[in-house]
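Next up: some structures, all given as structure tokens.
What follows is chain A paired twice: with chain B in the first complex and chain C in the second.
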Partner chain A sequence: MNTTNMLFIDILLVTSLLSLAWATLTATDARRSVILFIAFGLVLTLAWARLLAPDVALAEAAIGAGLSGALLLAAVQHRPHRAVSAERLNSGMLDNEKQNNSNRPDLKSSVAIRWSITLFCIVLAFILIWALLLALSSETSETLAQSVSANLANSGVSNPVTAVLLNFRAYDTLLELAVLLTAVLGIFALSEERTGYLPAGPVFNGLVSWLVPALILMAGYLLWVGAHAPGGAFQAGATLAAAGVVLRLAGKRIIGLPQGSALLMNMILLSGVGLFLLVGLTMLVLGRPFLGYPPAMAGYLILLIETAAMISIAATLILAFLGGRPQNRQDESC
Partner chain B sequence: MLTAHWLYGISACLIMIFGLRAALLHDSLLLRIIALNIMGTGVFMMLITIAYRGPDAAPDPIPHALVLTGIVVAVSATALALTLLRRLTEEQDND
Partner chain C sequence: MINIIASLLMLGGLIFFLCGSIGLLRLPDLYSRLHALTKADNLGLGLLLTGLALYQQDLLFALKLVLIWLAVLAASSASAYLIAQHARRQETGQ
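Up next, the complex of A and B:
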């Protein structure tokens, strides 16, 4: 494609992104804001594809726009009539209702504060743009990217992004899975499963019966293809989680999570971090560095870790959508 | 420096700043969570712009891996924040 056409596409993408971001942030109605946010995520996916980042584009479509959107929509849907606002929290209305409501000044709507925050943001924007353009225009030696391509043959995979995530910087990914586990433990501690989904009508049920198998198949494909093309455990896990979310939206009780066995559920949630750690420690026992796979075995080890990671990522994201630990109810079945 | 660097770099900074301003000024906690997500997206866009090296060169895979990690961490933080918000609303209704 010639340069003029590309420039046209770039300007179109950038203006839609900026205006969607602005519209999302200035919408006063929460539902409107969420829907604009999903649209923003989808346009962003195109921008990632344009900037030659297909791995990120897949993750953005599945996680950033897809699952974040589903989580936010569920939050809006199940919101009670009285929304919690920062205002009321700040003025202490949670603890002692209404008694000191009238004698505290309304800080947030104070014009002086609004303007000083805006001014601060404008100054910060100029500094940020200056710093980023300076970084972009300086000639870098690019040693990290060069060492990635130099060692790609020993990583066990041919997709450089997967090589960085699961081999060269495997430590980061291990900790990232630990972050996911911590988030789901926090969700378990805070709340119980959100209920009240109605059984789907015949049309939606028909859609579900072919969409769910297709999503499971696609998750398997993304996991496998991640070794040599865009894809991998995160995209696959998110796709698998989407299958669970679709089943729940159709009002099904059984959505792919273990029924009635808390132990099995915990095992699934732990499997990503657990297997990753096990492989890392095995390497230590064998006299190699932590997570330093032997090049001949690296491909198999990465696929093994990614499979476990995919399963626990999917379970984590489904549980995040449910909003808590599933309750055991034998009386209902679907 | 490429035209794409200018366009996407400046938009990334603007999106981040829009998000920051809204996160500081919004009253509704749900809208603040959305604003923080948009702010994070601006940061991801900076990283992807830095990784881009023109239509014919392979982009730097390290920022791509960082952004992938970032997207997953952002969604788990959002999920936790939304659960906190739900609990907060329930507590408030019980008062």
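Up next, the complex of A and C:
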């Protein structure tokens, strides 16, 4: 396709991204704001695809638009005192119709917070642009991308993104998994599982009956294909978690998490970080650097770590959607 | 020749999408808006993907497009039903 057409598509993408972002921030209703944010994520997915970054596009679609959207919607649905605040806002608008809303103290402080966040984001954006320009103008002899492709043969996989995430910079990914584990601990500490999902009717059940198997199949495919094409543990874990979220929305009790065994649940949550650390320490014992896999074994080790990571990530995301440790109740049997 | 047919099919699909979007913006209530949207999802996407499959002339590619179409068909009709059911329940106060 010629460059004018692509320029047209690029301008369309950037304009819709910016206007969706603006609409998300200025929406008065939280639910509307969340739905606009999901639309923003979908357009962002297209933008990543346009930038020839299918790995990021997949992650954005699965985690950014899909699961974050579900989490935010659940948060809006279950936030406390929703009716009270809406009523207060309405009466406030009626009472002082001519008075500016920003005169009310709670709105005033939220406006101040918004502006300071905006200022922070603008500064951050300028730093990023400066860093990008610096990286583009500097003429180093070897870029990171070049050294990755030079060493790709020793990484055990042929997808450069997986090679960086699970081999060259495996340390970063280990810490990311540790962050997810910490998030689950926070969720457990804060609240109980949210309940109150009605059993699904026949139409939704029909959808669930083929969608859930398809999602599980797709998660397995994404995990496997990550070795040589876009995919990997994070995308696969998010897809697997989506199956759990769909099951919970359909009012099912059994959503793929272990029933009634806290030990098993903890093991599943720990397996990602645990196996990663175990592999890393084994390398130390064998006299290699921490997480420095031998090239002959690297492919198998990466698949092993990614499988455990996928299961941990999926369980973490499902628990984030549930909002707390699942309770073991016998009275419900669906 | 095949390219012309493909372009015509894609153009037809785009017209359905355009009508769906106009319907979403202009129609008065939720049920008729859903009606307009599902037409765009089902027929519009079907025509668009048929056009793309003809354009590419690759069996595996066409098969993937058919899978996408079937998944969107099932998901969009089920979600349209769920939205309508929710709205109906709220109206009747159940």
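In this section, the second predicted complex is superposed on the first by the 272 of 334 C-alpha atoms of A that agree within 3 Å, B and C clash if a C-alpha of one lies under 4 Å from a C-alpha of the other, contacts with A are read in each partner's own complex, and residues count from 1 in each chain.
In the analysis below, contacts are C-beta pairs under 8 Å (C-beta built on N, C-alpha and C of every residue); 3 or more make two chains touch, one makes a residue touch a chain.
The model shown is predicted, which means the values in this text are computed figures rather than measured ones.
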Contacts of A:Leu52 with chain B and chain C, given as first, second, both or neither: first
Partner chain(s) touched by A:Leu128 [first = chain B, second = chain C, both, neither]: first
First, second, both or neither for A:Val161, with chain B first and chain C second: first
Contact breadth on chain A, by residue count: chain C or chain B: B
Shared chain A surface residues [contacts with chain B and with chain C]: none
For the chain A and chain C complex, residues of the former touching the latter: 201, 203-204, 206-207, 210-211, 214
Sites on chain C touched by chain A in the complex: 71, 74-75, 78, 81-82, 85
Footprint of chain A on chain B - complex, ascending: 1, 3-22, 24-35, 37-38, 41, 44-46, 48-52, 55, 58-62, 64-65, 67-69, 71-80, 82-93, 95
Contacting residues of chain A [partner chain B, same complex]: 6-7, 10-11, 14, 17-18, 21-22, 24-27, 30, 33-34, 37, 40, 44, 47-48, 50-53, 55-56, 59-60, 63-64, 67-68, 71-72, 75-76, 78-80, 82-89, 94, 97, 108, 114, 117-118, 121-122, 124-125, 128-129, 132-133, 135-137, 142, 144-145, 148-149, 160-161, 163-165, 169, 172-173, 176, 179-180, 183-184, 186-187, 190-191, 194, 232, 234, 313, 316-317, 320-321, 323-324
